[in-house]
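The same chain A turns up in both complexes below, where it pairs with chain B and then with chain C.
Coming up: the complex of A and B.
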C-alpha cells in the first residue's frame, strides 16, 4: 500500500478510474508498485491535521507492512486548524476565498459571522505576536522523531516532502543532523510548482487548476524520483530534471481548460 | 557518575536545600541529579527543551535515568523568550510594552484551548511518547512520566492504554491531586483564589513526607517492576492549612525566607532512606 498524508500537494482529488487521476504521481507510483494508494491528504490543511490523520491510523498498535510506501507532506506552519469541521480553512486568504464561493455554505457548517470575526482576530494575533520558529520547529521535530519507531519495519524509509521553504529547511536540518532513516528531498515542492510558471504568479486564489500544483510532465518526474529515492543516502534530488516554464502566468486564468486537457 | 535527569515544570524543579523526590532518588541511588525544569511552562516548551538538551539519543548515557513531569499542554507557549508566560499573573513582573494587553493574551489563549482543539494536544503527547520510545531504545531503565494535572493523566491514560511503549512508565494519577490533598481548607470557597501557587512554599507543591512516598514509588516501578500508581490513599493528606501555604507575604517564590525555613525545619531531620530491598 502507498500511504499519502499531507495537503494539496498530495491530495487525490479524482476517482481512481478517471484519466486525470492516472496522470498523477500517486497513480503512477501505484502502477509501478502494483499496489493501491490510500490518501489521507486534504488541500489547505495545517500540519496538525496531517499529524492527526497519521496518528489516527498509526498512533497505536497498527503497524505498516514491510513493503508499504509512506509519503508525508509537511506544510506551512503558519496554517492554523481553527474549526474542527473545516480543516482546510487555515489562514485568512483561504477563508476569504471560501467566503466568496457560495457553494462552500459557511452557515451549513455551523460557522457564523462571529466565528469569522474570531478567526480573523486570532489569526492576526498569531502572526503578529505569537508566531515564532522555535515552537513550530519543535512541533515538526517531535513528529519526525516519532516516526522512527513507527516505521522501522519499512523496507523503504518514510519519505517526507516538505511543501514550503521554512519547513523544508527545518526538516532537512533535523534529518541530516540526527542522521535519521527518513528520505527528504533537497528542495521543496512549492519551488518546483512555481518554476512551472513563467512570469509573476497571481496573488488570487482561484487560478490554480493543476493537480497537486504540478503539470503532468512533472508528476511523472516526481513519481520517478520517489521510486528511485536512494535508500542509502536518504536523498531525493529535486534540483534537476523537473520541467520549468511550462505555463505563461498571463495565460493561467484563461488556460484552465487547456491545462486540464494537458492531463488527458 | 550516572545521572538522573528531571525535566518538566514546577513539579520538577529542584533546590539543593530542600527535600524533593528527585533528590531522594539521587541520594539513595548515588547519582548526580540534573534538573532542567522551568516553573509555569507548558508541554510544547518542555519538548523543545528536551530536544535542545538531548539532540541525539546517545547524549543520554545508557544507565542514566530520565524523569518527566508532564506539564499542561493547555499552557500554550506563546512567547519565545517567555515560556512561562501562560496567561496568568506572570506578566506583572515583566516588561510588557511590546506585547499585547493581558486581556488579549488571555483571549488568545482561551481560543487556542477550545475544547475540540485541546484534543489536538493529545497528538503532541502521542508523538512525544513515540519520540521518547526512540530515545529509550538504548537505555537500561525505562523513562518515568508523572502527569502533573488531572487532564494530563486522562490524556496519557487514553494514549497509553494499549501498553505500546515498553520503554516508558507512565504513572496513573496526577501530582496535582496529591498536592491539593495535602492542604486543609478552612473555607473551600478560598480554593480558587488561593491555589494559584504564587506563594506555594512547598518544593514541587508537595511536602517532604509525600516526596518520600513518591520517590519510593518511582524506585519500585524502576527496580521492582511495580505499577506506578499515584493513588492518593498512599500519600499523606491535610498537612497544612491552605491559607498558610498560599500567603504571598509569608513566602516569595524561589527566595528562602522565614516561612520557607519554617517549612523546611519541619522535615530537615526526616529519614529519606528508601526501601531498596529486592523483592
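Coming up: the complex of A and C.
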C-alpha cells in the first residue's frame, strides 16, 4: 500500500478509474508497485491535520506492512486548523475565498458569519504577535522524530516532501544532523510547481487547474524520483530533470479545459 | 560525573532552597543538576528544550532525565517568555508589559483562542512527543521519568504505555490532585481558580522528601511510580500564600 499524508500536493482529487487520476504521481507509483494508494491528504490543511490523520491511523498498535510506501507532505506552518469539520480553512485568504465563493457549503457545516469573522481576527492577531519560527520548527521536529519508531519496519524509509521553504529547511537540517532514516528531497515542491509557470505568478489565486500543482510531465518525473529515491543517502534529487515554463500564468485559473486536455 | 536533566513546568522548576526534590535526587545519586523547567511553560517549550539538548548532543545515554508534561491547553505564545501561556492573567504592573503586544490585542487573542478546535489538537503534539521520547532515549541505561500535571494528559500517556513498548517510565497518577490534597479542605473546583501558590513546585517540604525517594526508587528499578505515599491535609490555604524559608518552614 502507498500511504499519502499532506495537503493539496498529495491529495487525490479524482476517482481511480478516470484518465486524469492515472496521470498523477500517486497513480503512477501505484502502477509501478502494483498496489493501491490510500491518500489522507486534503488541500489547504494545516500540519496539525496532517499529523492527526497520521496519528489516527498509526498512533497506536497498528504498524505499516514492511513493503508499504509512506509519503508525507509537510505544509506551511502558518496555517491553523481552526474548525474540526472545515480543516481546509486555515488562513484568512482561505476564509475570504470561502466567503466569496462557497460560503453556503461552510454554513451547512455549522459555521456562521460570526465564526468566520472571529477566525479572521484571531488569525491576524496570531500572525502579527504570536507567530514565531522556533515553536513551529519544534512541532515539526517532534513529528519527524516520532516517525522513526512507527516506521522502523519499512523496507524503504518514509519519504517526507515538504511543500514550502522554511519547513523544508527545518526538515532537511534535523534529518541530516541526526542521520535519521527518512528520505527528504533537496528542494521543496512549491519551487517545482512555481517553475512550471511562465510569466508573473499570481499572488492571490484561489483555485488552479493543475492537479497537485503540477503538470502531467512533472507528475511522471516526481513518481520516477520517488521510485528511485536512494535510501542509502536519504536523498531525492529535485534539483534536476523537472520541466519548467510549462504553463502561462494567465491559464492557471481560466483555461481549465485546456489543462484538463493536457492531462488527458 | 553523570547529569540529571529536568524539563517541564512549575512542578519541576528550580528553586534556591536545598529541600527541592530535584536537588535531593541529584544529591542522592551524585548527579550534576541541569534544570530547564520553567513555571507556567507549555509542552511546546518543554519539547523545544529537550530537542535543543538532543540536537546539541548535550544528553548522554548514561544521564538521568525527568520530564514534566504540562496541560496541552497551554501554548508557547511569546518566543522569549515561555512562562506566558495565559495573557489575561498578567498584572498591569507586570515587568513584561513593555515587551508584550498591545493590551487590546492580548485580550482579544485570549478571548478568541479558546473558541477554535486548535486547543484540542495539541494532544497530537503530546502523542507525537511520546514516540519522540522512545527514539531519543532508546539507548539510555536509566529510563527517563515522566510526570504529568493533569489527568487529561495522563490518560494519553497511560494509553500509549499500554499499547506500545516504551523507553520511559510514567507516573501512575497526575500531580495536580496531590498538590491539591496537601491543602486542608481544598476542593477540586476551588483549586482550578487557586492562585499565588508559593509552595515550591506546589509541594511542602515534607512531600519534597517523599517525592525525591519515590523518583530515586523508580530510577533504580525502572518501574512506574505512584505519589500515593505523599502526605495530605498538611497546610491551610492561607499558608500556601506565604513564602517558605530555606528549610521549607513557614
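Quick note on the criterion: the second predicted complex is superposed on the first by the 256 of 264 C-alpha atoms of A that agree within 3 Å, B and C clash if a C-alpha of one lies under 4 Å from a C-alpha of the other, contacts with A are read in each partner's own complex, and residues count from 1 in each chain.
Throughout what follows, contacts are C-beta pairs under 8 Å (C-beta built on N, C-alpha and C of every residue); 3 or more make two chains touch, one makes a residue touch a chain.
The structure displayed is predicted, hence computed values, not measured ones.
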{"item": "Superposition on chain A - do chain B and chain C clash or fit", "value": "clash"}
{"item": "Chain B versus chain C as contact partner of A:14, first or second or both or neither", "value": "neither"}
{"item": "Chain B versus chain C as contact partner of A:177, first or second or both or neither", "value": "both"}
{"item": "Chain B versus chain C as contact partner of A:33, first or second or both or neither", "value": "neither"}
{"item": "Residues of chain A that lie at the interface with chain B and also at the interface with chain C", "value": "48, 51-52, 55, 59-61, 81-82, 84, 118, 121-122, 125-126, 129-130, 132, 134-135, 138-139, 141-143, 145-150, 177-178"}
{"item": "Partner chain B, residues of chain A touching it in the complex", "value": "48, 51-52, 55, 59-61, 81-82, 84, 118, 121-122, 125-126, 129-130, 132-135, 138-139, 141-143, 145-150, 177-178"}
{"item": "In the complex, chain C residues that touch chain A", "value": "44, 47-48, 51, 54-55, 76-79, 101, 105, 108-109, 112-113, 115-118, 121, 124-125, 127-132, 134-136, 159-160, 163-164"}
{"item": "Footprint of chain A on chain B - complex, ascending", "value": "44-45, 47-48, 51, 55-56, 76-80, 99-100, 104, 107-108, 111-112, 116-117, 120, 123-124, 126-131, 133-134, 137, 159, 162, 164"}
{"item": "Complex interface listing, chain A residues touching chain C", "value": "48, 51-52, 55, 59-61, 80-84, 115, 118-119, 121-122, 125-126, 128-130, 132, 134-135, 138-139, 141-143, 145-150, 174, 177-178"}
